[in-house]
Amino acid sequence: MDFRLTSEQKILRNSAREFLDRECPASLVREAENSGTGHIPGLWEKMAELGWLGICLPQHYGGLDRPFTDQAILFEELGRALAPGPLLTSSVLAAYVILYGGNDRQKKDLLPGMIKGEIVLTVARGDGLETFSQSSGLVLSGESSFVRHARLADHIICATRPAIGAWPDTTLVLADTGAEGVIMTGMESIANYPQCMVEFHDVSLSDDAILGEIAEGRVALELAVQRATVIQCAETLGRSHKVLEMVVAYAKDQMEIGRSQSVQHRCADLKIALDTNRLLTYQAAWKLDQSLPARDEISMAKAQSGTLSRLSTMTGHSILGEIAFTSGHDMQLYSNRAKLAEANLGDTEYHLDQLIAD
Amino acid sequence: MDFRLTSEQKILRNSAREFLDRECPASLVREAENSGTGHIPGLWEKMAELGWLGICLPQHYGGLDRPFTDQAILFEELGRALAPGPLLTSSVLAAYVILYGGNDRQKKDLLPGMIKGEIVLTVARGDGLETFSQSSGLVLSGESSFVRHARLADHIICATRPAIGAWPDTTLVLADTGAEGVIMTGMESIANYPQCMVEFHDVSLSDDAILGEIAEGRVALELAVQRATVIQCAETLGRSHKVLEMVVAYAKDQMEIGRSQSVQHRCADLKIALDTNRLLTYQAAWKLDQSLPARDEISMAKAQSGTLSRLSTMTGHSILGEIAFTSGHDMQLYSNRAKLAEANLGDTEYHLDQLIAD
Amino acid sequence: MNFDLTSDQSTFREALGQFLSVEVPIERQQIFGGRSEVQYQFSREINRKLAARNWLAVGLPEEYGGGGKGPIEQGILDQELGYHLILESGACGLTMVAPAIMAFGNKVQKDLYLELIAKGEIEFCHGLDTVEESNGLPSAERDGAGYILNGCSISNSYTDHADYMYLLVRTGDGFQDVSHVIVDMKTSGIRLEIFPSINGQTAAKIHFENVSVSDSCLIGEEHQGLHQTIYSPNYERTGLRRYGSIQRVFDDFTDFCYGSAPDGGQPLAEHPLVRHQLAQRRLGMMTMKLLCWNVAWLQSVGAVAIAESSAALLFASEERLRFAEMAMEVLGPYATLRNGSPMVPLLGNIEGIYRESLNLSESGTSDMHRNIIAQQALGMPLNDM
Amino acid sequence: MNFDLTSDQSTFREALGQFLSVEVPIERQQIFGGRSEVQYQFSREINRKLAARNWLAVGLPEEYGGGGKGPIEQGILDQELGYHLILESGACGLTMVAPAIMAFGNKVQKDLYLELIAKGEIEFCHGLDTVEESNGLPSAERDGAGYILNGCSISNSYTDHADYMYLLVRTGDGFQDVSHVIVDMKTSGIRLEIFPSINGQTAAKIHFENVSVSDSCLIGEEHQGLHQTIYSPNYERTGLRRYGSIQRVFDDFTDFCYGSAPDGGQPLAEHPLVRHQLAQRRLGMMTMKLLCWNVAWLQSVGAVAIAESSAALLFASEERLRFAEMAMEVLGPYATLRNGSPMVPLLGNIEGIYRESLNLSESGTSDMHRNIIAQQALGMPLNDM
């Protein structure tokens, strides 16, 4: 039993924090929010140079091949800084789908470019997509909503449903965002988060577009979702931790508030929830690193992550007061993003349901 | 709109409080708890003399014929004092079943004696009882659990189920506790609350034993349950109010505790819950007094009553500390009874369900 | 006891409902989280139309252009305006300044302000303490027949539209030496620093630099500010306006849950957990309503309702957040969509009310309200905060 | 990072589980809410059998009869004993007194007490401050080569069985002038005032009237009591014993919900709300487990874990109550039944754990724990309480 970071991990954490303090101030977060793309290319290139986009991917694709736990540590810091860009979408969820579901050529075609930051990937899910065979080859149709960073992406990994008369299970295919028949409509969201409804009007696919085999995509998708879920928890953990730091700093600065027992007790409750989430998140990450079954541990971490999000939002806004309600204050950047994270990859209700589904 | 008590009602409240302060100290509550019967005959007689057992019943049966709201006021005080005896069971639930379901002769036979405290009634419900016709007459069989004050009661009002080959709806019958075939087994409960599992082994009933008509007992039972539910809320309200008083008195006495913001804020939250419950409970009582539909209002009051109970228990025990955990302290008398009240006549979950059943 | 309106009050409520259903098209109702100038101007127009019927200041005496009724009628008006999602233009003047002038103002002040307030012609803002500064309030130094104001104050609604500001100023060295004044916003030396809020509203810091005002700005006696705040009947907010608006979004949301789901599937309310949460919040809405009406009723019998007002405002702030969180959870990712997006449910009002609900200290901090309840209603001693 | 036991630790845990499954029949397990003398004596017997294997004081050095292992093994033992619902006889000596003697005691004290503790031969109780009295602690006045104790102290477990008491006494006039002593309960002048608790346990007030003790009762230096309390590693409670017992009742309850209902109907877990609540509490149990193990692990690396211990104990108190309330609610009136009643579910352990859970201050008040976390972990200033 050892709940500490290794010294290598501490270096990773500290260097990430230093980099982000310097390169990703709140002003840049606002700039990304107002840009319409939710993306800052200059920052993205620097993160790619640091190897962050491939931190856990195999070295022969250009990755750093570090343990999965390290990715969680990195995303704690990214969450803390509210780093913009398709980090979770492209470098985690999509990357793992390719890694677990793609064939060698697809990995070689996509992963090195993604790791270098030159290719951006996203994932379209839901029950609205299907593929079927025509004489000309495979055809993709239907629509998917909440496709993150779709406008920025080069390729969309589409999880297409098993359909009567077609495949018996999920088929994963790659669609180019520029292909004929792909239509994107922006979905205005909290924090101006960049996501789209994407329609596929009988988009023709080459045979190379199938990730793995027809009707065999479910396992790869699930493995990728599991990892992305833990990373989403780590991101929330970092974000919530920063909220506690803001509140405590404010309370120490305003002594009348800092000495208030009520304020202190709310901070203590947030601290407990944070420590809990850290233990739950790293327990799940460690299990994945050990290739142990981790479904329940992941669901526990993500379920508690929603509770943590809400508690940090309420604690922050109630203690920081009305000023935190103005656009100029950083707190609202955190509380708006909290809702995106909470709803992403299954919320508290969903993951509690997973815990008793048997 | 007028949320005040009338001056008559204030007199009722004050005189009830004075009487109970004098005649029903905590020592008597403990005596009742340890007696095995949960009953103090001397106190019972005095309450009967005051007319409390028939406060809302018609004058020609010996009742005081006061508005239903007055019964709620009275039970706030009884709850506050933890007054022992079959008050809610006999003088409220059973009395209203007789009033709404019985024929003139049954009312004359039972209500005056009940009001004088000479007859004790209880009610057996559940799906386990049935009546059927035999050549010799009506026969009652089956078992019912959680029959309150059964050992003390003279008669048990049995709500018997509609059964295939028998009646299409609930039939209410009166069984004598001394009749052949009636077997009672005590159910040891929290706070030594006196309740029994009662078995009826083919108990023969006279035709007079049917309350109202065969298969027509449901409405009377529902009306009685509605009123008893509001009265249970009032009882909880009084009990919870006393807990707040104990805590505030303790906090004022121990200035270090009284000045604690955390203690004050917990007291404030309990105060809000109390005020809320008072408004909800009297809203329901007032609607019943006005013969307005009150189902939703009753369910809201009882649902919030459970929340109030839990809050007062937690507030009391957490502020009063370890001493409240000892048998010699009054707080535990309150928290144990809170659980009986919470489970009685539908708990929070049940009444929330009622609110959205449509 | 009586939990109902009188028949006159019911008639007023019906007539008002009739009026609003005609006058307020759905597109002029507030979209939560995105208050706009258009909506603000529309609310002033509605106010003037209400005033034409003597309904706007329904609780003020008729001689000042009011309706000559009481706090119950005022509560009915607030609740209905809230339910029709009209922005709170004029609210500061009607619910705070006018009662204060009635109770403590002189004849000149009554004549000067009350009718204009009653007619919806002037907008007030309310100056609050600044937390950051030790002193918290602007100072008012005697200067001949007037005062010179220096310092700053915070206001959280419609400061940029306000004609006048009602605020506490420090008129002496003692802790209690504070007084209420009314200041014309056009007076020279006043500078606004605007802070846009995340719901489209603006907060502002008002800086006073050697602002010269005459004696006549003082409401009541000098140094009586705290006394006025504490002992002014009808001064406490009932919260009925806000309650009305939250109830409305709750009702819309409930209807939505009983219709088909955003993805076209089974109604959300088919799920037992959703129904259970709807029931919990329905109880919360009723609680909010009763606590707010409790304040209005206390005002109607001339009682001071400080702790009761705190209970109503605190509960409403917390219940609004509970409801918003619950609705966000039930709608999942759809709840993160804003008005204008494809697939957005309920005009984006759930995302909007979530952001509104983050303004937890809108009507005072939760700590302040709990302190008030503990100390005023339960007689507990002062604590450290 | 590593969230697992070493293979040696796993082996120990398995052997212990094997031992307990043989030695502890179901009827000797604690019935919640009704702790009895029989159960207490049984737990002493188990302790002696564990001691015979060097398992009881598994964390103490072998030279004192311990197992020579560390806090992780101690945690395994606590958790398993808790899970088998063995009463906490000996716990005060093992988890509080022995570590203190190891850290601050002299050779004589080590020889005198440690082996007896390790063998389960002596029972300690712990004297706490009395809230009611301004001073809170008994006074110890110098008297030749010893002290005279006067005043009183509170103890909440097995005081009537205790051979010795470990307590803080006031050894000077300053706030910090307090010292730890061990007092033989048979010393003349000690009088017990017993307060039966509602779970069958007894609390006691221990009165000291001119109790004469020798110098040798002092643990470490005079006036070092507070320092010892704060800086003693391994001193903080992990809460694993209590966690084990709560997890056990939760597991039993979960099994019960998946079987047929008390009234013979569908399993309670068929209801979506019940399943949802079971999932919430399952998460709560995991949280409790991780927070407790976090303390044990910190102890194992020699770290001081004051705030972490407070977090674990506070969370466990609150989670126990949440679980008890939830289980009471799910079982409805059946939950109010006590062991022995017809139709009672789970030996009445739900009604019992409800009453146990009312002892919210068992391991310190929630205010105290939150103060510690805010001040020790977050560096916030002292507050008024």
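Things worth noting here:
Just so it is clear, A, B, C and D label the chains in written order, and each chain counts residues from 1 on its own.
FYI, a contact is a pair of C-beta atoms (placed from the backbone, for glycine too) under 8 Å apart; a residue touches a chain by one contact, two chains touch by 3 or more.
Model, not experiment: these values are computed from the prediction.
Chain centres were defined as the mean of their Cα atoms; on that basis the chain farthest from chain A turns out to be B.
The mean-CA centres of chain A and chain D are about 42 angstrom from one another, to the nearest whole unit. In whole angstrom, the spacing between the mean C-alpha positions of chain A and chain B is 54. Chain geometry summary: the mean Cα position of chain C and that of chain D are 51 Å apart. With touch defined as above, residues shared between interfaces to two or more other chains in chain B number as follows: 259-262, 265, 349. Residue positions of chain C with contacts to 2 or more other chains are 273, 276, 367, 370, 383-385.
With chains as nodes and touching pairs as edges, the resulting graph is complete, every pair of chains being joined. Remark: chain D residues 131-132, 154, 156, 195-199, 203, 263, 273, 321, 325, 328-329, 332-333, 335-344, 351, 354-355, 358-362, 365-367, 370, 383-385 touch chain B in the complex.
The part of chain A that touches chain D in the complex is made up of residues 1-6, 69, 244, 248, 251-252, 255, 258-261, 264-265, 267-269, 271-272, 275-276, 279-280, 282-283, 285-287, 300, 303-304, 349, 352-353, 355-356.
Residue ranges on chain A touching chain C, taken from their complex, read 127, 145-146, 185-190, 193, 197, 254, 256-257, 259-263, 306, 310, 313-314, 317-318, 321-328, 332, 335-336, 339-340, 342-344, 347-349. Interface residues of chain C facing chain B in the complex, by the touch rule stated above, are 1-6, 9, 72, 269, 275-276, 278-280, 282-283, 286-287, 290-291, 293-294, 296-298, 300-301, 307-308, 311, 314-315, 367, 369-371, 373-375, 377-385. By the touch criterion stated above, chain C contacts chain D in their complex at residues 271-273, 276, 383-384.
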